[in-house]
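Have a look at this one.
Naming follows writing order (A, B, C, D, E and F), and every chain is counted from residue 1.
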Amino acid sequence: MKRGFYIGRFQPYHNGHQAVLEHIAGEVDEIIIGVGSAQLSHQVDNPFTAGERVLMITRSLNHLGCPFYVIPIEDIQRNALWVAHVRSMAPPFETCYSSNPLVMQLFQEAGVQVQSPAMYEREILSGTEIRSRMLEGKPWEDLVPPAVVKVIREIGGVSRLRQIARED
Amino acid sequence: MKRGFYIGRFQPYHNGHQAVLEHIAGEVDEIIIGVGSAQLSHQVDNPFTAGERVLMITRSLNHLGCPFYVIPIEDIQRNALWVAHVRSMAPPFETCYSSNPLVMQLFQEAGVQVQSPAMYEREILSGTEIRSRMLEGKPWEDLVPPAVVKVIREIGGVSRLRQIARED
Amino acid sequence: MKRGFYIGRFQPYHNGHQAVLEHIAGEVDEIIIGVGSAQLSHQVDNPFTAGERVLMITRSLNHLGCPFYVIPIEDIQRNALWVAHVRSMAPPFETCYSSNPLVMQLFQEAGVQVQSPAMYEREILSGTEIRSRMLEGKPWEDLVPPAVVKVIREIGGVSRLRQIARED
Amino acid sequence: MKRGFYIGRFQPYHNGHQAVLEHIAGEVDEIIIGVGSAQLSHQVDNPFTAGERVLMITRSLNHLGCPFYVIPIEDIQRNALWVAHVRSMAPPFETCYSSNPLVMQLFQEAGVQVQSPAMYEREILSGTEIRSRMLEGKPWEDLVPPAVVKVIREIGGVSRLRQIARED
Amino acid sequence: MKRGFYIGRFQPYHNGHQAVLEHIAGEVDEIIIGVGSAQLSHQVDNPFTAGERVLMITRSLNHLGCPFYVIPIEDIQRNALWVAHVRSMAPPFETCYSSNPLVMQLFQEAGVQVQSPAMYEREILSGTEIRSRMLEGKPWEDLVPPAVVKVIREIGGVSRLRQIARED
Amino acid sequence: MKRGFYIGRFQPYHNGHQAVLEHIAGEVDEIIIGVGSAQLSHQVDNPFTAGERVLMITRSLNHLGCPFYVIPIEDIQRNALWVAHVRSMAPPFETCYSSNPLVMQLFQEAGVQVQSPAMYEREILSGTEIRSRMLEGKPWEDLVPPAVVKVIREIGGVSRLRQIARED
């Protein structure tokens, strides 16, 4: 049984995440998806709650063909403890898939194998770009899986983001 | 889409939990299982990490026939904020299934519908009883799903529990 | 301008507190009432929220004839920092009124003057006694100011206490 | 009994806050004033302690003609829990008065009625402007109620602000 | 360079600790002494601050003949993260010396070598016994190094302990 | 017995710190060195753990000729409580040596004597300058004591810093 760990903030979950996970699905028996900064929401850079992000991810991976876990991971504000924190919240895993330099360094210091998956269309497929399009009223729906569009509509996600981005 | 929320500490997950969840599976479209006191482990009353408990639950519900989410929920030590905390970590739900008086009171004050599922063989099917049997070297394996026996063996759970229960 | 500080958990506010405050009112220009363990509620020993306790106190002191402040004080779990914490949350004061040995020691080590007000009918006029009467269905209303009876009725305080005290 | 809730950081309390509260006083039976970021002080943007701010507000509202509560509210760093936190610290209220977009969004999602009071001379009557004048040695006293000038003098507020703003 | 780690709460530091450390001094090049529950003080079971305990230890080990570090370690309330927490606060070490079952288990799960030093006169040489003697006015001075007697006198430690142990 | 307190983040410890401490050594009987923001590491501005910083400092002061304590001090995020926090973690002291305006203000408000030691070559002898040289591959070794160079090499400090500074 080989398990891989993949972490992101998923604000929101988008096609770039989906492509990486479909790639990882071919390499491991089970995937653990950590939803980082789980305690944050209703911020311009973190508009969605952990529960909303769990919903986006789970629905989008319906047909992944590889068992997966979606685990909210709250921040602990102490980098030296973060790997132990992740490991306590997730089922055991052998490999961490990440391109984030800090995540890579922390797992490597802890003796965990790290792989950097290729990312697809990095410029466009990013949470920053998608939130920016939502704020400016530009089309963003093509950058995320259809299930994510549906979740964001159900929770009124775009109007929430626009409201909290308003000037005081 | 009707979702039900069920919470426990699952130290460990046992046949009583399994029976309740199989019952709930007949009433809702999706189940959200909150793993309470997620930050606790390596204590006599809380020997297993959240990740280990997620593993026990997920493997045991393999054939439930109802989609489910398993969400670690860290304590926040403030009862008046706990329902908002749970809601931020979980996908939206309409009904809480619980027989815990405090959980019932908190959800009711928050205007969430609460149902108390019947519990099966309450005296024997309890985490306290199972941990006590583990400590005394008595058979406990019949009280939990086979997948839980396997997880506890893989992580050396019984010897961990016995070690941390020793006198200084 | 002489200000006195008085702290309690006020679970609930009762005639003993009221008598002490009426006494202090004769000695200072303004009273600061700290509502301790402000973050706790919905516990058998701490059934009421800070806001509910603020309401009980403010309404009961309507005719005190001495200006007063009611300040929720959250626990910080570090005795050595507690006096600094209290001072940061309260207007400046010169004297602490308390019969609690720990509170007295902490303020004395910090160089604050401490006075121990006489307490009235200590055995009966205690939060423990009142909560116990509420749980057992005995009369408790005579032990608290009329305004407190009213607040507890409005919030369903007795039924909340009984519910959270039930066995699982 | 209709209660309104109004929150600010009050660094310091100024004539704009005073005008809004005098307006709210005409609409409700009691006002609850939340002193936000209560745990912060001795920062360039947050020079005053919660206790000092409580004092400024209480003294300035001496003749308001409407009962009011002044409640320090510590940050909890989790927007999704903030309304529950506020409600646990404050007496029950029906309406929130705020022009802050995030505060408005959070209360609206929680089902609380929100009203945006008109603000007076927004450019000048702001904490930022007043702290900036204090730092530059310009007159600021006309922007705050006389009682606030007195409190800031008593605590040496301007020299504190200038000292903590110095370069290392 | 071989470093050994030894942890205790040292409430207070006593001859049993001293004997163990003198033993460890013969086995390693440098000793790291962790002062556990550093944030606690002014409690019947934890009367002394971390700083006071650092002072007791440092003065008592003046002539140890082995370099040592004394490091306050605050609790983190999460056993699964505790070893990472200790390691972040202490210089690197290879061996943990402990007879505490939980400490042993946590370090062993983290892959750190653990040794259990023999303890001397366990019944008498314990913090519990010493605090109990202080409370009852019995002689305790022979159970601790002379430097500890001096520190406790300077800080008024016995009278502090008696005061906080008084009934309310 | 006169003790002086000196605090820094020591990211890393450098010749400027060393010069100040050698100066303080001539004025007091014992020095307490507080390692601030002890919980931070693996950040571009805070690359080293508290334990690594304790090691750098202790080894560099080997021949100071004045007894010293090195105490990790975690942040508490509340300026009004910070002096009490420091005092609880450190042995008693009479004088604080600092040129940091906030530290000076906080200790002065708490009634502690503050002295501002002269700093040597402020522009070059700064953590910011040294980390910047490490990142750019420029020589930095002359700015820190030889023992610090050795510690940073042993822990792979420069490569850690460069990795965590990489773009995602």
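Methods note: a residue touches a chain if its C-beta (ideal position, glycine included) is under 8 Å from a C-beta of that chain, and two chains touch if they have at least 3 such contacts.
Model, not experiment: these values are computed from the prediction.
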Partner chains shared by subunit C and subunit F (touch criterion as defined above): D, E
Shared interface numbering between subunit B and subunit A [over half = same, under half = different]: same
Copy-to-copy rotation for subunit D and subunit E - C-alpha atoms, rounded to a multiple of 5°: 180
Computed distance of Cα centres, subunit C from subunit B, in Å: 37
Mean-CA-position distance for subunit E and subunit A (Å): 43
Of all residues in subunit D, the ones touching two or more other chains: 39, 41, 49, 78, 80, 87-88
Interchain pairs in contact, sorted by label: A-B, A-D, A-E, A-F, B-C, B-D, B-E, C-D, C-E, C-F, D-F, E-F
Touch list for subunit E against partner subunit A, complex: 76, 78, 80-81, 83-85, 87-88
Touching residues on subunit E, where the partner in the complex is subunit B: 77-80, 99-102, 104-106, 109
List of subunit D residues in touch with subunit F within their complex: 39-43, 49, 160, 163-168
Sites on subunit A touched by subunit B in the complex: 38-39, 41, 49-52, 54-55, 58, 69-72, 74, 87-92, 155
